[in-house]
Amino acid sequence: MLSAPALQQRFLSIRENKVFETFVIVVIVLSAIMIGAKTYAIPEPVVQAMKVLDLGITLFFLVEVLIRLVAEGSLKAFFRKGWNVFDFVIVVASLVPLEDSETALLGRLLRIFRVLRLVSIIPELRVLLNAFVRAIPRMGYVSLLMFIIFYIYAAMGAMFFHQINSELWGNITISMLTLFRIATFEDWTDVMYETMAVYPLSWIFYLSFIFIVAFVFLNMMIGIVLETLQREHERHDRESGEGEAGEVHWLREHVAAMEAKMTRMEQMLQDLHGRR
Amino acid sequence: MLSAPALQQRFLSIRENKVFETFVIVVIVLSAIMIGAKTYAIPEPVVQAMKVLDLGITLFFLVEVLIRLVAEGSLKAFFRKGWNVFDFVIVVASLVPLEDSETALLGRLLRIFRVLRLVSIIPELRVLLNAFVRAIPRMGYVSLLMFIIFYIYAAMGAMFFHQINSELWGNITISMLTLFRIATFEDWTDVMYETMAVYPLSWIFYLSFIFIVAFVFLNMMIGIVLETLQREHERHDRESGEGEAGEVHWLREHVAAMEAKMTRMEQMLQDLHGRR
Amino acid sequence: MLSAPALQQRFLSIRENKVFETFVIVVIVLSAIMIGAKTYAIPEPVVQAMKVLDLGITLFFLVEVLIRLVAEGSLKAFFRKGWNVFDFVIVVASLVPLEDSETALLGRLLRIFRVLRLVSIIPELRVLLNAFVRAIPRMGYVSLLMFIIFYIYAAMGAMFFHQINSELWGNITISMLTLFRIATFEDWTDVMYETMAVYPLSWIFYLSFIFIVAFVFLNMMIGIVLETLQREHERHDRESGEGEAGEVHWLREHVAAMEAKMTRMEQMLQDLHGRR
Amino acid sequence: MLSAPALQQRFLSIRENKVFETFVIVVIVLSAIMIGAKTYAIPEPVVQAMKVLDLGITLFFLVEVLIRLVAEGSLKAFFRKGWNVFDFVIVVASLVPLEDSETALLGRLLRIFRVLRLVSIIPELRVLLNAFVRAIPRMGYVSLLMFIIFYIYAAMGAMFFHQINSELWGNITISMLTLFRIATFEDWTDVMYETMAVYPLSWIFYLSFIFIVAFVFLNMMIGIVLETLQREHERHDRESGEGEAGEVHWLREHVAAMEAKMTRMEQMLQDLHGRR
């Protein structure tokens, strides 16, 4: 029989096969849609076949997770990695028999989250999610800044426009929702024309808000994306020696070697020079 | 008579002529619009002139494709390149006489796709389409991630808002369409206010969805575009020796030469040093 | 007792503590929301607890600002820095007793601006705001360009569409507001269809406007963000010696040293060479 | 008296003065707004003062243009530069007396274009416009690609949805306008739901269109902006020797010098080595 690492290697090679990946994607997506689209008449054999394929993928994935667990050696080491926990939870949740608890809310929710097996099985999705997770701290600060801007505008809106339309500007929380609506440009002119009838200069309020929010939002979003991307890109280039950053890294190493060589040469020259 | 490669060269030089290119663009665009705008009264001579010019372009293009085919030597080698197949199909489809099959659906569709001759004739459009095609694999994974997000939100929406408005939240597929509408900000507040009347906290559902989708979408789009562009840009610079990447590449080559020279010099110095 | 710089150091270490920062953010955000959401029934003890915590933060911040002032030595030196002035104003404004002037407009406004204590306390928000302030000059020129585009289109709109709908195109200032609405895509087709009934070709006016504004806006926004970011990024890299820019900077310094070394070596070689 | 180049220098130094620039911007913007806002009651002395200041700026600008013309030497050399022609036309058009031709269309148009004096006077706006003009060729090809996409979708729309709503899908040109409206998300769901009542799968038509257009548009826009910017940025860095590109350029020059030096050194070493 094969050892755990050898088996792990074999499963990895299956998983990295493009045909297998495409097959897995199609099965998971189709069975996810079938859960939702019960109202459409799908022939019974198709439904049964999909169920079997779907279960097969879950079992393949279960075996793979168990092999990874055995290969890791200890439970502690295995569960220290976030992705292992994620994979384990998803596979266990996918194995819960759902037919019995057809009407229960929990059962339905579990079925929905089965679609997350896609993330467990496709490594590219993990890369995308990793980038997303890494951007969260900076996004947190941007959200705080946005909150401050929304709050100040909402407080002013609640103060001045309260009498005009209390459904939109009744208190600060309602005003913040209205401002979010304005930020998405959803019928914002209706809101503006209403207050302009009372305060003709209130367009300054709306336009300045739109400008600031659009600028801060675009600024931050693009900034976050670019920084994450560029660092990733540069690191990859440097490590692989490809591209401009790779060449610069090559240069650095070779120039360092040349400098050492030169120091030795200067020493020898000084010897030659001094000896005479 | 000229040989096939010489003729090919001559046709290439005609095609790269800016005046000829502009003329071709104008004729194709105008005849495309004329197909569509039959209801407007266009003088008969103009229509006839356009038809002749349009046919002229198709013939020029047909001759050029045939010459390229002859120059290539074998049919197999010619049709191995994707763009050759594209060009050949477009030119043949453009030659099908359409007047007879005026009312047939196929005839009309063929006429529409004649506008694709623009892609065949203008090399810059091929560059743009190449970049587009190269971005598809990564876009596929982004689409999968978007599908997961839409699916989870749609399933929750169908579960909780089903009774409120079954036209918008009747099943998961309908809910996904509704969520796409929300993602484009199209009257999304109407949808939200409707469910907020029953679940006052449902704004969390909408806002979190909008935030996640906007972030993931912007992130991915910008990321894909930038990566494709930057690599293209760097590669071009390195090859042509222009710009920063070009200079870095120059540096790499010359530093390598210097290092070899230095190794020779150190050897000679050691000889000198040791001989005494 | 501790000296002012030592105390300053201690306060800085408290402030940089992540747990403390999170606590401060939660308290300030919650008390900001409570000001706005008076209409919701919040239990009295919670309100009292929040008030005490909120005051505690203001006092912590007051003490910190005072210590910084003492450490700086002179009032003049302290107030020369923009952020010190900002911190001082915010902390003083937060200390003004508001219960007495419940109904006064100034009192309410002061309470709203208390949320700006977030900016005073979280250094990351200052970094974001600094980037924002640094982008203002270039944004000013972009705004001017946008003003010119809006003005020319508004003037033409007011000239030609004045009779069609004077509420939208009555004079240039009203037209500019209408154009801003069109730029946000808010019911812009209604505006267009109205004028197309009189001038069938007026869609050219709208489409060209949308294209130019979208292009200029996107262009400028992305341009500003990227330039600010890239410079910041490069400077940081160069200073810290990390990343590509850091390696290039390392190269520059070491190549300069190598060149000096080489000059010395050539001199010695010439001596050796000449002496014989 | 001063020579033409010396005068030109003096005018340049006035123009680069920030206070003067701000003053010019304020006067031009205010007088532009006053033309439009005739309906508001502005005190007569203010109007008169603005007119005088406005004329003053035009005269200052006229003198400056004339001096530049004299300094250039020949009319031909002066008018070969695009910006000189632009400046000359704007200043001459601004001098045309307008009070007489109050109602004439040409007079009104001339007055509107007076706002373009801003571009003549503020060099930063020229830089922005230069970047814009430089992006036009590539934008032309992107527009062609967009036209092809719109055309194919419009033709299919006109073919299949013609009977459903001929106001939106009557012929290809009308369909293209409808598609542009869908691309801006303006009430696009209304259009979709209407056709979905007849063809339930027509959402594929709309969604694929939105995806392709959004992707191509964003892709191209960002691509164009970035490429223009990055080249500009790199060129500036290389020329000024600042930033990473500047350092790389410094490296290139110095490494070339080092290589020459090394060749000389190797020669000398070989002499030394061989002589023995």
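We just call them A, B, C and D in the order they show up, numbering each chain from 1.
One rule holds for everything that comes next: a contact is a pair of C-beta atoms (placed from the backbone, for glycine too) under 8 Å apart; a residue touches a chain by one contact, two chains touch by 3 or more.
The model shown is predicted, which means the values in this text are computed figures rather than measured ones.
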item	value
Any chain that touches chain D and chain C	none
Copies chain C and chain A - interface residue numbers shared by over half, same or different	different
Turning angle required so that chain B lies on chain D, C-alpha fit (0 to 180°, nearest 5)	90
From chain D, the most remote chain by mean C-alpha position	A
Separation of chain A from chain C, taking each centre as the mean of its C-alpha atoms, in whole Å	25
Where chain A and chain D are represented by their mean Cα positions, the distance between them in whole Å	36
Numbers and ranges of chain D residues touching at least 2 other chains	185, 187, 222, 226, 244, 248, 251, 255, 258, 262, 265, 269, 272
In contact (per the touch rule at the top): chain pairs	A-B, A-C, B-D, C-D
Chain A-facing residues of chain B, complex	138, 141-142, 144-145, 147-148, 151-152, 154-156, 158-159, 170-173, 175, 185, 187-189, 203, 207, 210, 214-216, 218-220, 222-223, 226-227, 230-231, 234, 237-238, 244-245, 248-249, 251-252, 255-256, 258-259, 262-263, 265-266, 269-270, 272-273, 276
Residue ranges of chain C in contact with chain A within the complex	25, 29, 32-33, 35-39, 105, 108, 112-113, 115-116, 118-119, 122, 124-125, 128-129, 131-132, 135, 139, 177, 180-181, 184-187, 221-222, 224-226, 229, 233, 243-244, 247-248, 250-251, 254-255, 257-258, 261-262, 264-265, 268-269, 271-272, 275
